[in-house]
Amino acid sequence: MDAYTPTRGDRFTFGLWTVGNRGSDPFGGPVRDHIDPCEIVRNLAECGAFGVNLHDNDLVPLGKSQKERDTIVSNFKRALSENDMVVPMATTNLFSHPVFKDGAFTSNDPRVRAFALQKTMDGIDLGVELGAKLYVFWGGREGTEADACRDVRTAIERMREAMNFLTGYVKANGYDLRFALEAKPNEPRSENYFPTTGHMLHFISTLADEEMVGVNPEVAHEVMSGLSFPHAVGQAMEAGKLFHIDLNSQKIGRYDQDLRFGSEDPRQAFLLVRLLEGTGGGEPYRGPLHFDAHAYRSEDEQGVWEFARGNMRTYKILKAKARAFDSDPEVCELLRCHEDPELEALWQAGYDSKRAQSLRQIDLKPDEVARIGLRYERLDQLMMEHIFGVR
Amino acid sequence: MDAYTPTRGDRFTFGLWTVGNRGSDPFGGPVRDHIDPCEIVRNLAECGAFGVNLHDNDLVPLGKSQKERDTIVSNFKRALSENDMVVPMATTNLFSHPVFKDGAFTSNDPRVRAFALQKTMDGIDLGVELGAKLYVFWGGREGTEADACRDVRTAIERMREAMNFLTGYVKANGYDLRFALEAKPNEPRSENYFPTTGHMLHFISTLADEEMVGVNPEVAHEVMSGLSFPHAVGQAMEAGKLFHIDLNSQKIGRYDQDLRFGSEDPRQAFLLVRLLEGTGGGEPYRGPLHFDAHAYRSEDEQGVWEFARGNMRTYKILKAKARAFDSDPEVCELLRCHEDPELEALWQAGYDSKRAQSLRQIDLKPDEVARIGLRYERLDQLMMEHIFGVR
Amino acid sequence: MDAYTPTRGDRFTFGLWTVGNRGSDPFGGPVRDHIDPCEIVRNLAECGAFGVNLHDNDLVPLGKSQKERDTIVSNFKRALSENDMVVPMATTNLFSHPVFKDGAFTSNDPRVRAFALQKTMDGIDLGVELGAKLYVFWGGREGTEADACRDVRTAIERMREAMNFLTGYVKANGYDLRFALEAKPNEPRSENYFPTTGHMLHFISTLADEEMVGVNPEVAHEVMSGLSFPHAVGQAMEAGKLFHIDLNSQKIGRYDQDLRFGSEDPRQAFLLVRLLEGTGGGEPYRGPLHFDAHAYRSEDEQGVWEFARGNMRTYKILKAKARAFDSDPEVCELLRCHEDPELEALWQAGYDSKRAQSLRQIDLKPDEVARIGLRYERLDQLMMEHIFGVR
Amino acid sequence: MDAYTPTRGDRFTFGLWTVGNRGSDPFGGPVRDHIDPCEIVRNLAECGAFGVNLHDNDLVPLGKSQKERDTIVSNFKRALSENDMVVPMATTNLFSHPVFKDGAFTSNDPRVRAFALQKTMDGIDLGVELGAKLYVFWGGREGTEADACRDVRTAIERMREAMNFLTGYVKANGYDLRFALEAKPNEPRSENYFPTTGHMLHFISTLADEEMVGVNPEVAHEVMSGLSFPHAVGQAMEAGKLFHIDLNSQKIGRYDQDLRFGSEDPRQAFLLVRLLEGTGGGEPYRGPLHFDAHAYRSEDEQGVWEFARGNMRTYKILKAKARAFDSDPEVCELLRCHEDPELEALWQAGYDSKRAQSLRQIDLKPDEVARIGLRYERLDQLMMEHIFGVR
């Protein structure tokens, strides 16, 4: 027990599918036993987590009768309550059943789209019953290999129809539920639609109930394409659209790794935590901190819980570092910018002919300004020394 | 002279900086002589191009007096008119002068932001004088290496201020001009803001005059991150935001290559041309087809014009193939989907409780639907055989 | 039946695991039924293939008794003989059983290494019994995530011990069998040892029986890292080490896709076929042409055989194009280089002080030579027009 | 002055071109003034460096007379001696002059190859005069865009001829000099020959004087392709071929960034330092630690020296962490492997029929061994906590 031991107040959550991951991959089957969802709840609570998230079929396998479903759900609710755990987020598995082999909401076959809607309405009901306030959509197989099969514009329209229908469903039922859309560039499809958080943010701006819909960015999904995850998250925050977040880690340009948070690229992890916690200024993120990762295939169940603890510890370590960095006097000094409010006033209040005229007439001496060194090497080295804990 | 020889009606354009590129790179200086812009106009016209685009300083070097500028511009206009060439697009160089070393509109120094606005207003005036209907913004150095130096949200806000001010300028002057924003993930900065067309589309949706602003996607910039360029273009088209396009080619995960159009990844080039030309359905793109590429460093000036011709020929070759593919009866048969308008009507018209209830009650037989083979291997092989010209 | 229909003489082979692939991936289980290996043999023969390759457990599942094994093998041999098919290559599955979760020959646990040797000796016996002349080693899980677990030098030494032991086994048994080692950069491990064909070629040069060991490069594995596959194959050919080849296609920087040969990046596929066929000069490759790919998950069994045919057709299409390209008179002219045998003689025969002295004294006029344009844009455009079939 | 302040004994070196870098890139010219090489020597010495490396033209610009050259060299030697600095490594600039636009030793034009040999012999003489014991070859433009222009096998043969000639030159002159070859996958060419350290190691094994030739791996060059740099370095060390090393940092799948060492991906930097220092076992690397990086373009000269110090500090920080990690008792416990020397003896001594027979007969109980958890999550988390300095 040290300063980095997780506690309920840290708002850490895990998916049932994360600590419950059995270690299968394209080249080998499971290496770990199934863990009962109620057992997962108990163990996560003991590790210091605050909640657990799920796909419909993580809890209720496909093909269960209504009665079986109700028993499973009621047992699960008891486990939650006994362990003081919540379900902040739920989602639908729209990718495992073979019927979704060419996508769900964007499939060329209307029967598949219809089935996806049925399954999602059921999943929403389940999520709401468990207390979820957020419903995540990850477009699993919404994409292509043989790209000629479907116009991308048709795919987008179909996705919009589905989202508009489903926000309608939520409103009609009076559910207190918002949607969070999750982008991914590829895998399991060669090209997924809406490959980045940016594409998703734009798509959301075209929805009927756009105020109900935000994003759920995932570290690994943005990093696969070599994009800056903190930048993507920052763009979502600036737009008031960061409804949820999936934390893990990943190397650029590889299969979806879902590694322990902060284990790859601790520099970016630091920048992310700094942004989420707002230590450098700006509004912090206040939602749940969800780890969408899984233990290496080399691990048995003991390793799974060591993995779970590692994620949370690393977040707390980085949070402490972010605070220290932003209160380091040399850092504060380096971050101080040249200010000139009178100059900025010429454009910040919007275009005005007179102010524009004034702006055009100022001699800004660009050659002189160009000679000022910005000392970013020093700033960055200080940041690294904070990450390394030697400052 | 064959079916693929470019003509004015094909709407092909080149930047002055493309055929005028002198072959410098980070490891060596120029290998080719400067070509006078008027000479470029003449040569491009002879090759079959329709127009030429430019950065302010491609035509008028920094530091010229008003009088020198006017002479240069007037000579250039004469060359355009003598050669029946147009300038459909202009843009500002906001990256070469050292003052922009940490960005232009997003710089921490308000003097830099002010200078960028001055330079852009001048550039807009120049573009309009030359007849441009589109003004492109590529955010050159808007990005970071030492990421702690600036909150990404601040960068976005500054960019928005600049765009809002500049659309104000255009409106106040009564210019018939629209903006096209161009994304790039990195280079020359380690991380650029607005790294993809998706991020840019979202940013546009937050602007004061969003109807005046669209995107200018560039093949190389999307491909650097391994994203599907046709999908990005399709999302822009679906939103009515494809105002301009930059054609070239690029390998994934490399420095910005700006290679001859279609020379890398002819499959994606085919899919792109098919989308732009609308042979597979949907509205075609009707704007200029701009090649933002340059000749290999191994070339002398003869090679530059061979390069220019190659870009245009390849576009026309692919256009002919796209038409052939979409009128191939076997392809049409493979693209025919299962239809069920009655089923689709349950959600397409928007959410309605009664229709939703009907939808939930249908037995969609997912196990049966899952067994239908989609024959995408055959479809894709046919596409490749069209690309190979053996069908 | 056209010029591109495959025939036995084309030396095309498939793995049992390729056309037998059932469509599982990390996000969903099988979508296609198991096909009996004898049935696969029949169907491949009908498609025009020449042979079939296998992992030990593709034919004989783990845990079969000796008697069951013998029955399976004897039935399979009958199917081969009835269909005039051969087994040119065999290999061991050292990655599916959970015991291999941290590698086989490089595992930290000597029991795992011992088991891998046992399994490989059995696999070699099986391969030889089926007539294989080549035995492939793909290091499945030889790699790491938690890199501190093992010194990479230890991993290399263990791999060398295993290879030396196994070539010893082959020699002691008088088998007519060579080894072909296959590199892969990552997946299923975060970092695999020997990530490229280059690393593998070097490793081979350190083996006790290096003359018995060559490489089996796979398109997808080199392309995942963005490396030139033709260059890797060329380096292997130059060293006399191209013992086998795995053909498929792949996008850079993604999960292992194993797509239909030539369907992604037809340009590189053309360059590869040109190299293998020797149409541009140099010794051709004369071994089997193995397709290590699988049909999209969208396909039923019909789609699998369409996929199989597509691979072979594309190879033959590209072979015809390679011949046409290298006999195009303009291409031949462009490929003609400046020659100066007297000059080259100064270093080509090895170092000699007198010749070196002469070499140092020549005025080579670099500024003049630098001005010669190389016309590679024209050459490359011609190549593309051959690929497009418009020349 | 703290424990991480660099001193001469740390063997840190910089290239003249690194701290002398003026900040040019493809989108803008220099932002910093030229610094005289003697001034660089003084400043580096003050920062705590041990030596300085150079390309021929970093010190003696192209076109200088013999007399001018001698004056420059003699001044430079005085500066070295006055500042107690050495030149451990020298190299040739074979990429900046336009004559090398299509490569140097692999060019199709024998005059270019001859000129490259002339220039390299001169460069070797200069390096030896300055006391260099190592001569680096980075193949700048040895590569292609229009791949049809040259058979890769021809390129390899030409490179071998050049290397064999030049080792001959060194031997004939009795120079105490070894070669170190440096790989890079691309940039400035679309595809470079010998793209990775693995390819280079193999090439070396085919040289006439292979014992004189090793590798000079560079972090950025291996990371561009997403390959593990520690693994590449480890393979070179295992083969006794790590003659020199270029330290910097880089993001995967981007232009050549040459960032400050350890600033990107501190995890890999830690693993590298641990390997070089041998704290985890194995022979350490004892050569110079060369930083081939440059300051951000945002910096003035002050920033350059802050950059220089940052590289060296980070190395020393990581070295201290590596020692701490490998003496952490819990780490030592986790790294302890199952041992069974009797079992290993069955194959480690090489193949023997009797021992092989024994090996085949042991029941290794793979299902039981498979169940052992390897606790790599815990190991990796401990490593991260050492990197973070919280353990």
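Labels A, B, C and D are assigned to the chains in the order they are written; within every chain, residues are numbered from 1.
Note that in this section a residue touches a chain if its C-beta (ideal position, glycine included) is under 8 Å from a C-beta of that chain, and two chains touch if they have at least 3 such contacts.
Everything numeric in this text was worked out from a predicted model, so none of it was measured.
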Where chain A and chain C overlap in contact partners, by chain label: B, D
Chain pair with the higher count of C-beta pairs in contact (B-C, A-B): A-B
Separation of chain A from chain B, taking each centre as the mean of its C-alpha atoms, in whole Å: 29
Separation of mean Cα positions, chain C and chain B [Å, integer]: 37
Numbers and ranges of chain B residues touching at least 2 other chains: 31, 97-98, 101-102, 145-146, 186, 226, 251-254, 296, 298, 370-372, 374, 376-377, 380
Partner chain D, residues of chain A touching it in the complex: 4, 31, 226, 251-254, 260, 262-267, 295-296, 298-304, 306-307, 309-310, 313-314, 317-318, 321, 370-378, 380-381, 384-385, 387-390
Touching residues (chain side chain A, partner chain B) in the complex: 97-99, 101-102, 108-115, 117-118, 121, 145-149, 151-153, 156-157, 161-162, 164-169, 171-172, 185-186, 191, 193-203, 205-206, 208, 225-228, 230-232, 234-235, 237-239, 253, 271, 274-275, 280-282, 325, 331, 335, 337-340, 343-344, 346-348, 350-353, 356, 359-360, 362, 364-367, 369-372, 374, 376-377, 379-380, 383
Residues on chain D engaged by chain B in the complex (per definition of touch): 23-31, 95-98, 100-102, 140-141, 145-146, 186-188, 190, 224, 226, 251-257, 259, 296-298
